[in-house]
Structure formats: C-alpha cells, structure tokens
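Labels A, B, C and D are assigned to the chains in the order they are written; within every chain, residues are numbered from 1.
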Amino acid sequence: MCRWLAYFGNEIRPEALLYDAKYSLVEQSRQGRLTGNLPNADGFGLGWYGDRDVPGLYRSVAPAWGDANLRELARQIRSPLFLAHVRAATGTPVEQTNCHPFRHGRWLFVHNGFIDGYARVRRDLVLEVAPDFFGGIQGTTDSELMFHLALTFGLEDEPLAALERMAWFIEATGRRHGVCEPLQMTVGVSDGERVYAARYASGPVVNSLFVSADACAVRALYPDEEQFQQFSDETRVIVSEPLGDLPGIWHEVAADSALVVQPGDDEHVAFTPRPPTH
Amino acid sequence: MCRWLAYFGNEIRPEALLYDAKYSLVEQSRQGRLTGNLPNADGFGLGWYGDRDVPGLYRSVAPAWGDANLRELARQIRSPLFLAHVRAATGTPVEQTNCHPFRHGRWLFVHNGFIDGYARVRRDLVLEVAPDFFGGIQGTTDSELMFHLALTFGLEDEPLAALERMAWFIEATGRRHGVCEPLQMTVGVSDGERVYAARYASGPVVNSLFVSADACAVRALYPDEEQFQQFSDETRVIVSEPLGDLPGIWHEVAADSALVVQPGDDEHVAFTPRPPTH
Amino acid sequence: MCRWLAYFGNEIRPEALLYDAKYSLVEQSRQGRLTGNLPNADGFGLGWYGDRDVPGLYRSVAPAWGDANLRELARQIRSPLFLAHVRAATGTPVEQTNCHPFRHGRWLFVHNGFIDGYARVRRDLVLEVAPDFFGGIQGTTDSELMFHLALTFGLEDEPLAALERMAWFIEATGRRHGVCEPLQMTVGVSDGERVYAARYASGPVVNSLFVSADACAVRALYPDEEQFQQFSDETRVIVSEPLGDLPGIWHEVAADSALVVQPGDDEHVAFTPRPPTH
Amino acid sequence: MCRWLAYFGNEIRPEALLYDAKYSLVEQSRQGRLTGNLPNADGFGLGWYGDRDVPGLYRSVAPAWGDANLRELARQIRSPLFLAHVRAATGTPVEQTNCHPFRHGRWLFVHNGFIDGYARVRRDLVLEVAPDFFGGIQGTTDSELMFHLALTFGLEDEPLAALERMAWFIEATGRRHGVCEPLQMTVGVSDGERVYAARYASGPVVNSLFVSADACAVRALYPDEEQFQQFSDETRVIVSEPLGDLPGIWHEVAADSALVVQPGDDEHVAFTPRPPTH
C-alpha cells in the first residue's frame, strides 16, 4: 500500500503536513499505523500549484525520510494546493518516472492501490490509451496507466465520470483475463482549482481514505492547538491515513464514493464504474 | 551518440577494457575523440556471461567514471563474453531501466543511435511487439523497443535476419509518419555463444563501429605490448570507438554490414532491412 | 539499529543468505522481527572475498530490497567469505561512503549500533586517528570512525585487542563529554582468513548477535532441509537477527564477548574494553 | 574545473540563467567553452534566498542537464539572490554532501578550484577548524573544508578578510608539506544581502571569473534583446564562464582581486592572503 495526501486551502508550507504533523506523511512512510509495517520507501513525490500555469513536481526514488532536498523544498515553498505521495512498489521498478504524482498539463494524479494481474492486462490497457495521451507515459506503473486511461476517457472535462470509466474499463479487461478483483484504488486528482478523490475496490477490502473535518469545527474543538490556527475555513486535507490521533478531525471517506473539494461547499457522491462512451 | 563495446575471447576481467586501455570505454564516456565533446554520462551498463544460465547485469544512472561499484565489479569478476554501454540520452529519461544492455533470457542487446521521430512512431512500434515479449519492456527507450521488436521478429532463432526485419519495420513505420531517415544504429547482440553486430543507418551518415584484428596478428605487430599478451587467438573486441591509437589493430565495420564473432571463423555479411514474414 | 551478516565457509552465492533464506537479510531490511518495525532502508553493502588481493565492495544508498544490481551480483558471484549490511541511519547522511562494509586493504568492517553523543565527541575521536589511516576516512559515520580508530590501535595485528582499545577510547572520550553510555556495538571484522565478531555495549541493553551452530549438527537436525546441504562442516554464519525460525540453529553470542570464526576450532573469548598502549 | 554562478538583483526565476541563456550554466556543465571538454557532471547544487531565515538548498549527484527536479525547481521558484554550481570532482567522491553550495546559517559558499596535495594536508586543515564549526562538516571535499576554515577565521564578521586568512593558512600548510602551488580558487559567498567573490591562485594560472556589466548599460547596448529587460539596474551576475557571447556584457574579474556586489555601488578590492589573527 502506498500513502498519499492532498491539501486544499490557504497557502501553507508543505512541511506542516509532510514533517510537522504528529503522524506526518514522511513519518508514515517509515512507520505506518494502519497497515502492517512495510515501509513506503520506494520513492516519493510532491506536486504543488504555485504561480505558474503548470504545477511543480519533485520526485525521487529515495526513501522520503532521508531526502534532504524534500525537507528543503517543503520548508521553502508555499502553496494553496499540493499532493504528496510515498510509494511501496508492487512489482514495477523503483524509478523516478514511476513516482507519483503524475502530471498532464495542469493535472496531477496520485494513487494508492494496484491493478491485479497487471502483467497480464497491461498490453490491453496500453492499447486503449488514446494516441494523443500515449506519448505522455514516461514510466511503467499501473498507476500512471490509470491516469492516462482516465485522460483518454475525458478526465479534463468530467473528472469523476472519467475515473468511473477508467475503473470500469480496468475491471472489464481484468475479468476478461480471469482476474477476480481487478482494481484496488484510492485516487487523488487535481487541476489546481479542485481536488477530486475517489475510494473504490473491486472486492470487499478497500484501501483507507480520510478527509479532515471543517477547519472551523476543528479549531473550535481544539482552541489551544496552535497547529490548527494557520488553516483557513475552507481548508481540507485528504489522506490515506490520519496525520494525528486527536478525535473529531478525520472522517473516513466511504467506500464506493468520491469527493470534490472546492471553493464553497464540497461534494460527496457515489462512485460507480461505468462503461466509456466512445 | 552512445558508445558500446563487446568482448569475446578468453576469460578476462572487464577492467582491462573499461579502465586500463588507453582510451578505455569509461574514459571515452567522459571525453570521446570521434564525435564532438558531449559526454556519455546518462547511465551505463555491463552485462556479462558467467557460470549461470542468465548473464549478470549491472546498470546505473550515474556517469560511469564516478561509479565506485562499476570499478569494483570490473576488477573482481572474470568473463569470456561481456557487453558494456555508456549512454548519452536522446530524449528519454535517465533511468536504470533505460540503460543498456537490455536482457531477455540469455540474450543481451546494446545500441548506439536512435529512432528519428520516436515520439510520433512509438505507439505503432509498441503495438507490433508480440504479447509474449511485451511484458519484458521495463523502460521507455527506442533501444529497448528495438530489442523487443527484434525478439518479436525471431531474434532467438535468426539473429541477423530478425535485426533486418526490425530495421525494415522501423523504417516503414517512420516513413509512413513522414520521417525521412528513421533509423540510426549500431547494435550488439549476444546469446553468450556468439556476438552479432550490425552497422546501419537509413541515411548517409552512419555511426562508427570497429572490430579488433586477429589477436595473433596484433601480438606479432606489438610483441612488447604487455596488455595484448593476455588475449587468446580467438579474442575479438567490437567497439564504437577504438580503445587506443596503435595502427593495425582496429578495422572499421563497413556500413550496411553485419558481423558474427564466434568460435572458429567469424562472418561478415551484408545487412539489408527486409520485411518481417508474419 | 542496523543489521549485518558474515558468512564463513565453502564457496556459495550470497543470494542464499541475502534473498533465499526465510528471513533473509534483504527481507529483514524491509521488515525485521526483533526490533520494532523501523526499516533498514538507508543504504546497504556487500563485501566479498574473491580471487584478488582486495575484497570486492558493492554499496548503495537505495533500500536493499528494491536494488536490481544487488540481486544480480548476489546471484552471479561465489565467495567463501562475505559480509553484508543494511543500514538504518542514526544521524549521518544517507550516502554511499556511509554504507558498510568499510574497507582498508584486505580488511572489511561492519557495525550495528552507535556512538552516543557523536556530535559532541566526533572531533576528539577524529584527532586520535593516526595520520596514516586518516586519509582512508571517506564518509562521516561513527562506524567508519570506529574502524579507523581500531586500525590506529593495531587492528591488523591484534584484531580483538584493537577493538577493545577502540571501545575503551570511545567510552573514555564520551564520559569526558558527559555521555553516560557512550557505545553500543556489534561489530564484524575480517581479513579474508577469519571473521572476528564482538558484542558489547556501555549500558545494560546490548544489540543482538547470533552465530549458527555447527553445520554437521544442523544437517543432522534437519536432514530433509535441502538448503542446509550446500554448506561445508566449517561453515558459520554470524547475524544480527536469525535468518529463520527453526530451533537449534542459532546461538546467541553473549554480551561482552567476542568470537573468532576460523579454520579449525572457533574461539569464544571475553570482550573487555582496555586502554590503548601508545 | 567546476563552474559556478551567483545572481544578485530583482527577483527572477533561476531558469533564466540555468537554462534559458545561450551558454546557460546547465549547458556549460555538458559542454564548456573555456576549459577543454571535461564535463561538470559530478553533481550540482542551487542555493537560493527566499522568504525564510535560511536559504534553500537543492543538491544532487546527477549531471545537471538530466535532472528533472532541477528544471522544475528553477522554473517554479523566484529569488533575488541565488548561487548555483556544477561540479567536476577532483578526487573526492561524487556525493550529495560534496556538492556545492555549502551552507552555514544564512551563509552559502561555492568554489571552483582545488587544494593541491589535499590528501597530504587534509588532516592539518581539519584540525584547524574551530570545534564550533567542526560539526557542520558533512562531506569530504577540499571546498567544504575551505568554507569551514573561513568560518573559523571570521567569515561571518569580515568575509573578505576571512577568505584571505583561509587562503594564507592553506598556502602555509601546503608549503610546509612541500606543495608548490597549494591553492586554486574562485569563490562565491553570500549572506543573502551581498555577494562576495574572490579570484586567486598560488601560481600563475588562475581559474576564470567574470562579472556582468551594469544592467543599464547592457540594455542600452542591446535595446532589442528581450532577455535583458527583466533585470533591474542593480542586477549583477558573477560567473566562471560567460553565459553568452555578446560583446560588452562580461568583464573579467582580475586575478588576486575580490568583489562585493551589494545595494548601491559595488566594491572591487585586492585579494591578498594574510595570516589569521588568533
């Protein structure tokens, strides 16, 4: 299992969530609480929206906790929207191009999970990627391929629908190859304006996903916790595993559901794989 | 331009060619003589046949000259047949899986050159790779793809014919996409018994390739050169660029030709792209 | 805590202990059993004695389990004596020169533990290293410094005595700087003929160390276990943590003791820090 | 020879000098014009002053031209003062802690050159570093040691005088060990307010150093060159090798001289090694 995090809110330094939180993402990469004790040490990445058209990307194959550059970067930059990911490889090589987030134009994509039977279905999945997006595939992971399938199925216009089509296509392909539970995923996607997150699996076991409570409520709950004062009312953090253990802060995202974090009210909707409409 | 080297002969330590020769491959990677002064510093690889079924592989993204592990390995092991490569990337990322040699079973493959218009033709080339070989593609270079096309076209049974088919297919695909001179290549291939080398380009400029003279003759020519005494009569070295500047040692491999180095007499034959026989 | 392993016996491929054993060293690096769940993912190293004067060294900063080159090397080479190490950094950077084994001429050195208060005492320890050995320090770890202090105190002539002097000097220096328990160590040292191992700590908690039982006895105990048939009678394996859970195979090395594994009978002796005899 | 660059002026993105200039620093690292054709491919670094107390640092052992993260960072951040460096190792390992800039508090330091006979004099130089600064030494290069000697000799209070004392001490130590020309250096130092640069060598050959002309004058000279319009009047760039070949832009810094780039008039002064005043 990989772990990821998406931040949406006022401008902060990523170090607050990557290093300073009690169970920060970098700490989780060395020692997680939710899912056994395999480290997420097969590379990491940080994608952040700044003042350019295209988000910045820092990815490396080193374990996150030992990477001096990540610490520097997380301390120097400020961003109102960023995605971070720590990887535990599930078969594909430990390489920079296999590290999340993946990027296409303004879009970033992170994934926790896997395509079961990937070696068997990979060729069929690759063939489905539209020629326009094919050239953007730089690595060899199932996750990057999921992103390019979603792009093929309209991610830039209908993000959640495209993710549902991608999930459907992977399940259909997997089942044609005799895979019982083809897909395990929590995904985070952003265009710099909104964060889209989905939690889904073909079988009964679904990787964890949490979203932070309303920042007002959190501050009311913990008026003395200084760390919460820096966050605006609209701030939301989506995580594979909670960054701390204070009660009332983290809400589980339901399985088979998706979430849109955006200015104004967020949306919670069902997530149901459905066939692409070619 | 990349640079590569293939050694066939009695067991030696690779350090003799990688480090000790006057213009050793590692020295060439920092400072070549033949082709301008761009370094081959985007990764390297050494593939060697030992006493196991499958050859060993050591590949890294560091410049070869600064890699302490390569120096150790080249000094410790002994091998009667090895291929080495230093890379200057031509567009694809600097990653371990993009480093040569590429391997399939007992086969090793190195390449110097490129597929012109690779971004345009890549998808069509990938689709041609047989499903059985598709799963072996770990990186994203044109070179690894050439290898898997050659495998698809029968490399394991008819090595040179398969390389000719691969060249034909790449040229046909390139021209369909409006590329004038689709292919530039010198390739080295081995199954641990023989070394196959080919020199070819679609246009008039062809990357350099040399083969060493008969080892007997070399020793007769330079009876006082101690470095030549370690090589058996059958020893041959194939290189992108000569490892020294003593006259009479290096013969240019003709453009549009191929070479089989093997026990007994070697073969020199024409290399002519020809259509695959599906 | 780091983990290390020393093999002494007939020639084998290191993969047997690094990968194939039930709790192989590489598996331990991702998920240990003895000491919590912090991974040993801050680099690794393999030092092996072959047919050259100087042992070979392969070290890298990647987590061992994801390193394709280590797997290749461990599968290709054969060695009658090798040391391997997986690192969990305790303050100094994750760099190749900070990876064990450290080497001086024919000598290799691995360490599990730390010098407490290292930042405070480091300068005094560095100043004690003899000028002849000073130039051999390539990194910045406490472990490499311990090796060079032991060299200064006569390691090449009296290995165990030199280690005792090194321990004494570190404890004396630490206590002068107000450190209560200055030293925690299990060390493995070899000159290619023997393996010297010591287990010691200034305080009551001592890192674990085990040595394998007589190979005859092991085979008698488990006549059907094929993995044990490849080992000669003299074979011994010293490990931070057992490589399996079959009873009767691993004996704990007592705290404050040392071990010499050698042709003929091994030696078990007390390990008592004592002042250098300048 | 390494190469470095220091920028002082209005806030710009480092990509302008690292990538966009005709002979950008990254281009120079692959193919220089001034000094033969050895690449500066043994690591690089960027140190930049942002809105925190301490400057940010991004260093890596990869060749600069192939590093995707450097390109990202140079495109995303903005800074009014930054130092960048590309390394050609002169004996010490290719490691992140050996990459420039080195940092102490708000201070950054880059160096092009070497201490001749470093292996012989290193111990004596290390012993001179004040205990307070000793702990800051993370790598093993002569350059980092020069920085810590300068800190020992008062860099934070009298930057140029401290550099002169450092040069004196290195020359005195080298000559005591029989080194004829102990020091070769151009150095760049900054506290975020000013840039100090010095050009000096013990012998007649001195590494090159250039400073850009007054930005007003440059714009008057090339009114149609859009690239020059982004720079404020106070902007100065100091480089080992000019970033372009337009006449009238780059002035050589005289040997045995130093330069202070600062708000208001810059200073040009003599640089004369002189003994430390303990």
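Everything that follows uses one rule, which is that a residue touches a chain if its C-beta (ideal position, glycine included) is under 8 Å from a C-beta of that chain, and two chains touch if they have at least 3 such contacts.
Given the structure is predicted, the values throughout are model-derived calculations rather than measurements.
J.: Return the chains common to the contact lists of chain A and chain C.
T.: A chain counts here if it touches both chain A and chain C, which gives B, D.
J.: Mind listing the chains that sit against chain A and also against chain B?
T.: C, D
J.: Between chain B and chain D, what is the gap in Å from one C-alpha centre to the other?
T.: Once rounded, the distance between the two centres reads 40 Å.
J.: Could you say which residues in chain C touch two or more other chains, in rising order?
T.: 68, 93, 96
J.: Pick one for the touching-chains graph, please: line, ring, star, complete, other.
T.: complete
J.: With touch defined as at the start, can you tell me which chain B residues reach chain D in the complex?
T.: 30-31, 37-39, 41-42, 61-63, 66, 68, 89, 93-94
J.: Inside the complex, what are the residues of chain D that reach chain A?
T.: Listed in rising order, the residues of chain D that touch chain A are 48, 50, 52, 56-60, 68-69, 72-73, 75-77, 96.
J.: Quick one: which bits of chain A touch chain B in the complex? Just the residue numbers, please.
T.: The touching residues are 93, 95-97, 119, 122-123, 126-127, 131, 134-135, 137-140.
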